[in-house]
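For clarity, chains are labelled A, B and C in written order, and residue numbers in each chain start from 1.
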Amino acid sequence: MAAVPALVRRIARSGVLPLCRQPPVWGRAAWQPPGPLRSPGLPLALCRAFSNNKILVELDESSGVATMKFKSPPVNSLSLDFLTEFCISLEKLENDRACRGVIFASAVPKIFSSGLDITEMCGKSTEHYAEFWRAVQEMWLRLYGSSMVTVAAVNGSSPAGGCLVALSCDYRIMVENPKFSIGLNEAQLGIVAPFWFKDTFVNTVGHRVAERSLQLGSLHSAPEAHRIGLVDELVPEEKLQEKAAAVMAQWLALPDHARQLTKSMMRKAVLDRLVAHREEDIQNFISFISKESIQKSLRMYMEMLKKKKS
Amino acid sequence: MAAVPALVRRIARSGVLPLCRQPPVWGRAAWQPPGPLRSPGLPLALCRAFSNNKILVELDESSGVATMKFKSPPVNSLSLDFLTEFCISLEKLENDRACRGVIFASAVPKIFSSGLDITEMCGKSTEHYAEFWRAVQEMWLRLYGSSMVTVAAVNGSSPAGGCLVALSCDYRIMVENPKFSIGLNEAQLGIVAPFWFKDTFVNTVGHRVAERSLQLGSLHSAPEAHRIGLVDELVPEEKLQEKAAAVMAQWLALPDHARQLTKSMMRKAVLDRLVAHREEDIQNFISFISKESIQKSLRMYMEMLKKKKS
Amino acid sequence: MAAVPALVRRIARSGVLPLCRQPPVWGRAAWQPPGPLRSPGLPLALCRAFSNNKILVELDESSGVATMKFKSPPVNSLSLDFLTEFCISLEKLENDRACRGVIFASAVPKIFSSGLDITEMCGKSTEHYAEFWRAVQEMWLRLYGSSMVTVAAVNGSSPAGGCLVALSCDYRIMVENPKFSIGLNEAQLGIVAPFWFKDTFVNTVGHRVAERSLQLGSLHSAPEAHRIGLVDELVPEEKLQEKAAAVMAQWLALPDHARQLTKSMMRKAVLDRLVAHREEDIQNFISFISKESIQKSLRMYMEMLKKKKS
């Protein structure tokens, strides 16, 4: 994709080397690789892990299943650095023949991801907005279009862009805690979810539920999210890993080739739509986010968050 | 829109002046403006009402919520006069900065609206059919595309065009009386719902439910309509106003700008489709309705209705 | 349609004359024509039946309802011969003014149809693949686009192409036996359902259910199929005929013309898509099925089936 060089340039600038040039960092993840897929006596050499700044990636070569764990406290917000790391990690797994599926989870308690990092959208240059938005697009294009099986283990709240990450996976399991919520709540902040967020949402919950939920900027509690089809199932927190592994095993039982072609057939129309309008979408974002009224409401929102914290 | 001058001409011909040139008629509506939004001690001057022939419009400036009450006995049929008044009233509210939302209800017991007025489609000239159909299109384009929050308080049966009015709102609350029914039952009369009725229906209940319901010309009882998603919730008749006001308040809690852009994103494709094929759709209607077989079955249907009454 | 001459040529080659040139074979079907629609004292002359090799067609002229019963043991697989007979029978009924609706059922116990005949896709010439695939397309175009009311009485399992036959009808009633399953399970065999199978599926169960079910190649038990909307209702086996007749009577109560135009409005977009890409779709099928890897897995699958039998 055309954006890859941009990503690489960005990484070069930020001093983070692409994963493929880094020596892997061996170790055990705090969020354990799925139990049933890894027998206790498995030689450690079959399990590779690489830790970057914001995402911990661990690949169990015996099962072909990787986990990507978001460890960017306090709320795993999707900053430009986070998105860049996300795309590079995903691309590395995509190109690794040992990897057939990825489970996404959070290493931060109570939050899966809080969505796009507002500091990237506030008081920055036009060039920065463009670079940031391209990275958001890139994340979605790679995840929604991934040829691997992707399972979201939603172990915390997941508003806005965090919800998009979950929506872009093949399957969503959420912790049944009713205090955890998920949804595309952009309208609550006075902003609008882009059309490809909407397309992904409609593909998951249907037109009517999407129309109402997007206009109200609804954050749905886990039980409600399950009822409207925004997540596929709920489990107690202690069962999440086990369940994610079992679901992954079920999806990996299918021949990759047939599953991949089927997935592409289902998602291609919506992916193609962003690819065809990508630059236009970036310009729309820039002109929208640069408005003084929008900047003002984002600043107020950040003030509110700061006060909440202190 | 191009049709506005036609509307104005029509009004000029019919002797009804556009609302904006009429002195407002102050008064209380039989169907009270939503309770919680209007405290008992509110000064009367904050509440404006204008009554025309067929629709009573009341705007509560303190809440920004208008009610449009259909008072065209016996069955609130969508005649050319009714549609003209509807469009003008809606346009007036749309242009009134004091108004942010509209609740639609009936002032006629047991019926919300019986749909298109069959007398407008029977034994008239080609020019009349064209004018009538353009008004039906105009009503839908304005209502489905309204930038205001629109809530249908369906306090009676609502077949065919009456169902379309409800479908075009943002939210539908129906009285839980199982004797009240709603649906696009055109096929029962030997006619076919136009593609934009169908598109609106599919956007609400999904393709499969729409396919079956449209082919069977089903009229769904209130509980069934709720079950298939044709209405969003059911309430006892005495709770309808209160519920409509509460729903409206929930939708108005969102910033207008973000909500409007989101609504447009969800509905634009379907609205654009009619705009692109509007003249063709009028010609289709004329040639269909002019068929002797169709005219005959409409005449028989009207005979049946007359006998029923007497 | 352009394919009709090909069908006729094929029939000429296979020695089976088109139905319209055959004298009707009178007789009673094992699967009785719908009870309530045929009074016991009805003169036999009102009920015409014609039996070919693989499908028994019986038309009850008094009700206007035909039954097409699949009698191609062991599993009613959709071979080229079967498809040819199916299309000719359907066309004959379509052109017969006495026929307004068709009920499809199986005369083979426990199986509705096992789907496309794998022997037609294995070790054959490119020309054969093309001829076979055109016949599969033709079957769907005629059935999904039929102007008659079509009811699937699914009295057995119905995987892959068998599921497509059911999906292409207006209404699906399935025997409630949880051992009977239905679904587009192509991915399980390492192959991919073509886009028009997918479109038909999405129109019935929605995008999300289709995405998951197609990727997993799911075969849904009758109760699950009902829950996800893949079939419209479940009945005990002994009630199937009665129920199919009652549903048919309900649909035939509508004026044909309005119902047909409505059906066409709902299905035209998806039908047109195959018509526009028909030759391309055939070429895709040929190049996919000719791959050595696909041929190998189909041979293995057939070996497995043979071993199962013996």
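Here, a contact is a pair of C-beta atoms (placed from the backbone, for glycine too) under 8 Å apart; a residue touches a chain by one contact, two chains touch by 3 or more.
These figures come from a predicted structure and were not determined experimentally.
Comparing the residue numbers each copy contributes, subunit A and subunit B share less than half of them at their mutual interface.
Taking CA atoms, the transformation carrying subunit B onto subunit C includes a rotation by 120°, reported to the nearest 5. Separating the CA-averaged centres of subunit A and subunit B is a span of 41 Å.
Touching of two or more other chains is recorded for residues 206 of subunit A.
The residues of subunit C lying in touch with subunit A in their complex are 186-193, 195, 198, 206-208, 210-212, 214-217, 297. Residues 170-171, 202-206, 229, 232, 250-251, 254-255, 257-259, 261-263, 265-267 of subunit B touch subunit A in their complex.
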